[in-house]
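Multiple structures follow.
Note that chain A is present in both complexes that follow, paired respectively with chain B and with chain C.
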Partner chain A sequence: MSKYIALPKGVAEADFDKAIAEFKKILGADNVLHSRERLAPYLKIMIPAQIEEHTPSAAIMPESVEQIQRILRVCNRYKTPVWPISTGKNFGYGSAAPATRGQIVLDLKRLNRIIEVDPDLCYALVEPGVTYQQLHDYIKERNLPLWLDPPIPGPVASPLGNTVERGVGYTPYGEHFLFSCGMEVVLANGDILRTGMGSMPNSNTWQVFKWGYGPSLDGIFTQSNFGIVTKLGIWLMPAPPAYKPFVVRYPDQGDIVKAIETVRPLRIAQVIPNAGTVSNALWELAVVNRRADLYTGEGAIPDASVAKLAKAHGVGSWNVYTALYGTEETIAEHWKIVTAAFKASGGTVLTQEDLGPDDPLFNYRRDVMRGDLTMREFGLYNWRGGGGSMWFAPVSQARGSETLKQMGLAKRILNKYGIDYVGLFVIGWRDMHHIIDILYDRTLPAELAKARSCYDELLDDFAREGYGVYRTNIDFMDKVAKLYGPVKASVNRKIKKALDPNGILAPGKSGIHR
Partner chain B sequence: MKRLDLIRVLAAAAVFVASGQANADSTGKWQSSQEIYDKVCGYCHEANVGPVITGRNLMPEYIQAIVRNGNRAMPAFRESEINDAALAGVVKLVSTSPAAAKK
Partner chain C sequence: MDRRNFIKSLLASGVLGSSPLAAQAASDLFAPGTAQPVLIVGQSGLPHADELVARLERVFAAAGIDYVQARASGGELTDYTHVIVLLDRVPGRRVIGVMDAAAALIFQELAAARGAACALSTHHRFAAQEVRHCCISAGLDTSIVWSDSLADHAERIGRLYAGTLAGPESAVDRSAPVVREEPDRAADATPGSLVSFLITV
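Coming up: the complex of A and B.
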């Protein structure tokens, strides 16, 4: 009987003992966790996976880059793999749990320094454990005219972690990796790489110019296991003098075509500059209702019932939430353009003045589109109850016919499994991130199994049409890597072998193994 | 930090304390149990996302267990985020809070 709750694949317990003893020497015994009780928070997931397949052997909590370097020396010696997390709040993608059983979670929460915020050049340089809340407080304390771009779990989530996962927010800086500049990466051999201009000794342009000289490397350290990102530069939006959020509601399900066709040219031309959202009626209903209060029939809620509920609750079949940013004068001009376009397409344009101060759905979008912190959207988890959630997030062209096709495809498969289509499109520049929350009751094993099969089928059927997801959870990383084709996989493997020959960094991340 | 800025921040902090709200804090160290409640718990439990947990005389052991293990949609929180001493403070604050959540 092992004294550990799991062991890394292929590592003998005696060797693991030695590694743990070394970690304790480096970090102090208090920062090396391996009892079931102290590892409990690392076992809590929302995705429909069996935690036994993702149980870590230990969690270790360094507080400096130098400690990470020493940890990696131990890992290379004993071949013990580490799974780095920043704040571990990757809900619906695996939370803090590793891709495979027995990995040691390298918990970077204690590396939480805000190294610099430059109010002139509008950037921040942060460590992995810094949360959006912490950065928000820093900016407020100094009264700096800068905005953040948090995702929904922002108060407890990491700008660095979210960006290296290529997450999104809702302001004009919504595509996070696009608005990052300069990384510090600890490589498996302990070398410290600073990307872009950061490679130059004494450079002061690391956070202002992305490319440096020669091949640009930042991208290979996102959704990746080629190195541990320990610092990240992120660009911050200067707070505009004026801001005008609004919603456009469309009455029919097929109106997704009109909505997207109207948004696209405005977005590409930057009249609408932000990563707004286009949500369906069930998304709106699910944020503020419990399903059992609205529908008690078997299986997914039928379209006719959804339409009735949407009408009764005053939400559109599709709801475009977006905003204008600038001065009062530029917004007044752009307002004429956008209202004319949306009205001509059959949408109803509404602002805070029309909706009053107490509309929870409008208010949380108003907040997130200006980078304020709110978790109101997590009301979604009360729809089904039972704590099950998994994001299926295929990328679509920003083209009405395409979003319609994806909606049809998704609904058919979800409904087959009795799961509601709770969906939203995040407006990219030329793409749409089609975000579907697979909500299920995780306390019921049969529901868990159904949710898992449903996701599997969604991946296959979407891939058959040439559609891929922008991100996936720890249970499907190998599968999604396969769907992206053999050459990509082979290049990834070659880079992995070159940079991490012992395979000690996050084996299985994005389907990349040694 | 410039001296004037420092004075401004301190003055703001004094106002926060006087009004009973958490001090804004960017050091990455919790300043009070109230700050943890406001900046972690409150985002769901004061926003109609999670259930109200104040004023219910919830058992300290129960709160402690739920925070570390999570429960249904509630995520688990790790020692690296809220250490045992800080958690004990929040647990005390929640379990002994008076009825009716503050608005």
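Coming up: the complex of A and C.
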């Protein structure tokens, strides 16, 4: 019987022993983990997958780029693949577990230096282990007039990790990759690439000009396994003199059309500049309630019951949370425009003054839309209990008819499996990220199987209509890659072979194999 | 006896006696016999959590396990600053949490980010007459699932945590039958759930 809980595919235990011994020489024994107990944090997942399929063989924790280079030499020698993580808080997408069994988790949490924050040019240069909380505290301690744009798991999540996964936040800087500038990447052969202006010796423009000269490469290191990103420049928003968050509530499910048709022109024109959200009634209810306290019937909660619950709890069938940013004067002018537009569409516009100081739903949106850190939205995990969550995240045009169509499609499939439609749209410039949280009890095998089948069917049916997801979990990466077509897959494979001929970097990440 | 059967025997046993097998419950991460008392963090406002915390206290007192208790609301347990203050108070300590799923996730993730390790985590789902428990240990590849009557479900849980904490000097009476695993029991439309866990901070 092996002394390891898993082994990399095709690697003999004797060779793995040698690799582990070499990792210990490089990192010290305390930073090379391979017992089941020590690997427990990397085994915990919320998605409906069997952990056996994603069990790592070991976890190793370097603290420098030079150590990563030495690790990769060992990996190339013994053909042992590594699965890099920043902080590994990719909850509804697979947490820290690798796409395939036996990979070594390359945990970068000890690379946690904030290398630079420039208050004039409003950027930061950070390593993978830096969390939003760490950067937030750094900025507050120095009283810098800068805002972050954290996702919901901000206190434990990494700006670098979230950006290379192409995650989103809720301020005007909500599209994280768009607001990044300059990467340092360790390639599989140990070379260090600095993208954009970073390749130019002595350049001081690495974090201010994205493109450099020739092909722009940053994008190929996001959602990919072509290199290990060890530094990232992120642009920070200058704190505006004034800020006015608000919510617009719509009474009927079909009002999603009015809501989106109203918000789109305001967003494209940057009157509303931020990545606000349009959440359905069940999302609102699920953040602050347990399902069993509201509904005890079988299957998904029917529309009529949802409508009654929404009314009883004072939330809309759809709820647009967004904000204005600027000076008092510009906000006053924009306020006239947005209130007129939303009222004309049948929405009820509410501010903090209308809702009072203690509205938990409004307050957490108010906080995240100004870059504060709050995990209040994790209340969603109490809706059913049991620790199961999986994000289905198709992209939609910012068009009312399209969001209505996606909602209908999603509900039909979710309801078939008895799963509630807990959904929201994140307002992009011209797109909507349609985020559906598939909440289920992971301790019940029947629910786990149902959630998995449901996700599979959602992918298929949405793809038939031409809708793709912007991100997926470790269990469905191959399938989603296939849905994006053979040519893209072929190009990815060619790049992979060129940059990582031994396939040691995160095999299976985003469906990319050697 | 492997770790799985050991945990099952803890769940079945009536008293803490002497057995070297108790060492198996304490994972490699989890050195027993530390001088620091165990901290029990219970979420206020949840009757099932109150009941379980009270039972843990009784079992720990009977087993001679030193403990202290802290209460916090759901809002506090999902607030970064509050949890960090709590964790700062307990370096080197063993912490048992009894809270809802969201609070448990946040608490454990914030603790893990500071290097904490989880030895045991149990999900409890409450139905009208019974409670379904699903326990995962750091040393197990799959979970152990069983059901108890609502009236006395906390008893086994108390013993499980006490037995795990007590370490090699303490022990387990294994004369009672091993708990029967029932992975498919309990319907999904149930009135509530709770999570308990044991971590080292």
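Rule of thumb we're sticking to: the second predicted complex is superposed on the first by the 514 of 514 C-alpha atoms of A that agree within 3 Å, B and C clash if a C-alpha of one lies under 4 Å from a C-alpha of the other, contacts with A are read in each partner's own complex, and residues count from 1 in each chain.
Everything below uses one rule, namely that a contact is a pair of C-beta atoms (placed from the backbone, for glycine too) under 8 Å apart; a residue touches a chain by one contact, two chains touch by 3 or more.
All values reported here derive from a predicted model rather than from experimental measurement.
Visitor: Let's test your reading of the overlay: on chain A, do chain B and chain C clash or fit side by side?
Guide: The answer is clash.
Visitor: By the touch definition at the top of the document, which applies to A:E52: first (chain B), second (chain C), both, or neither?
Guide: second
Visitor: Taking the superposition on A as described, I'd like to know which of chain B and chain C A:L33 touches: first, second, both or neither.
Guide: A:L33: touches chain B, not chain C.
Visitor: Go through the superposed model and pick first if A:Y138 touches only chain B, second if only chain C, both, or neither.
Guide: first
Visitor: Can A:R110 be said to touch chain B (first), chain C (second), both, or neither?
Guide: In the superposed model, A:R110 contacts chain B only, not chain C.
Visitor: Once the shared chain is lined up, is A:P445 touching chain B (first), chain C (second), both, or neither of them?
Guide: Second partner only.
Visitor: Just to be sure I read the superposition right, which of the two partners does A:R290 touch: chain B = first, chain C = second, or both, or neither?
Guide: second
Visitor: Based on the superposed arrangement, let me know which partner A:S305 touches: chain B (first), chain C (second), both, or neither?
Guide: neither
Visitor: Return first, second, both or neither, reflecting whether A:G379 touches chain B, chain C, both chains, or no partner chain.
Guide: It touches chain B and chain C both.
Visitor: Between chain B and chain C, whom does A:S490 touch in the aligned arrangement: first, second, both, or neither?
Guide: neither
Visitor: Let me check the overlay on chain A: which residues of chain A are in contact with chain B and also with chain C?
Guide: Residues common to the chain A contacts of chain C and of chain B are 38, 40-41, 44, 87, 89, 91, 109, 133, 155-156, 373-376, 378-379, 381-382, 385-387, 443, listed in rising order.
Visitor: Could you please specify the touching residues of chain C with respect to chain A in the complex?
Guide: Residues of chain C touching chain A: 27-30, 78-80, 100-102, 105-106, 109-110, 112-113, 117-119, 123, 125, 132, 134, 138-141, 143, 145, 183-184, 186, 188-195.
Visitor: Please name which positions on chain A make contact with chain B in the complex.
Guide: 33, 38, 40-44, 46, 59, 61, 87-89, 91, 95-96, 107, 109-110, 112-114, 129-130, 133-135, 137-138, 140-143, 155-156, 288, 360, 373-376, 378-379, 381-382, 385-387, 389, 442-443
Visitor: Sort out for me which residues of chain A touch chain C in the complex.
Guide: Interface residues on the chain A side: 5, 35-38, 40-41, 44, 51-52, 55, 87, 89, 91, 109, 131, 133, 153, 155-156, 290, 292-293, 296-298, 373-376, 378-382, 384-387, 441, 443-447.
Visitor: Which residues of chain B touch chain A in the complex?
Guide: 1, 5, 8-9, 12, 24-26, 28, 39-40, 43-44, 47-49, 68-81
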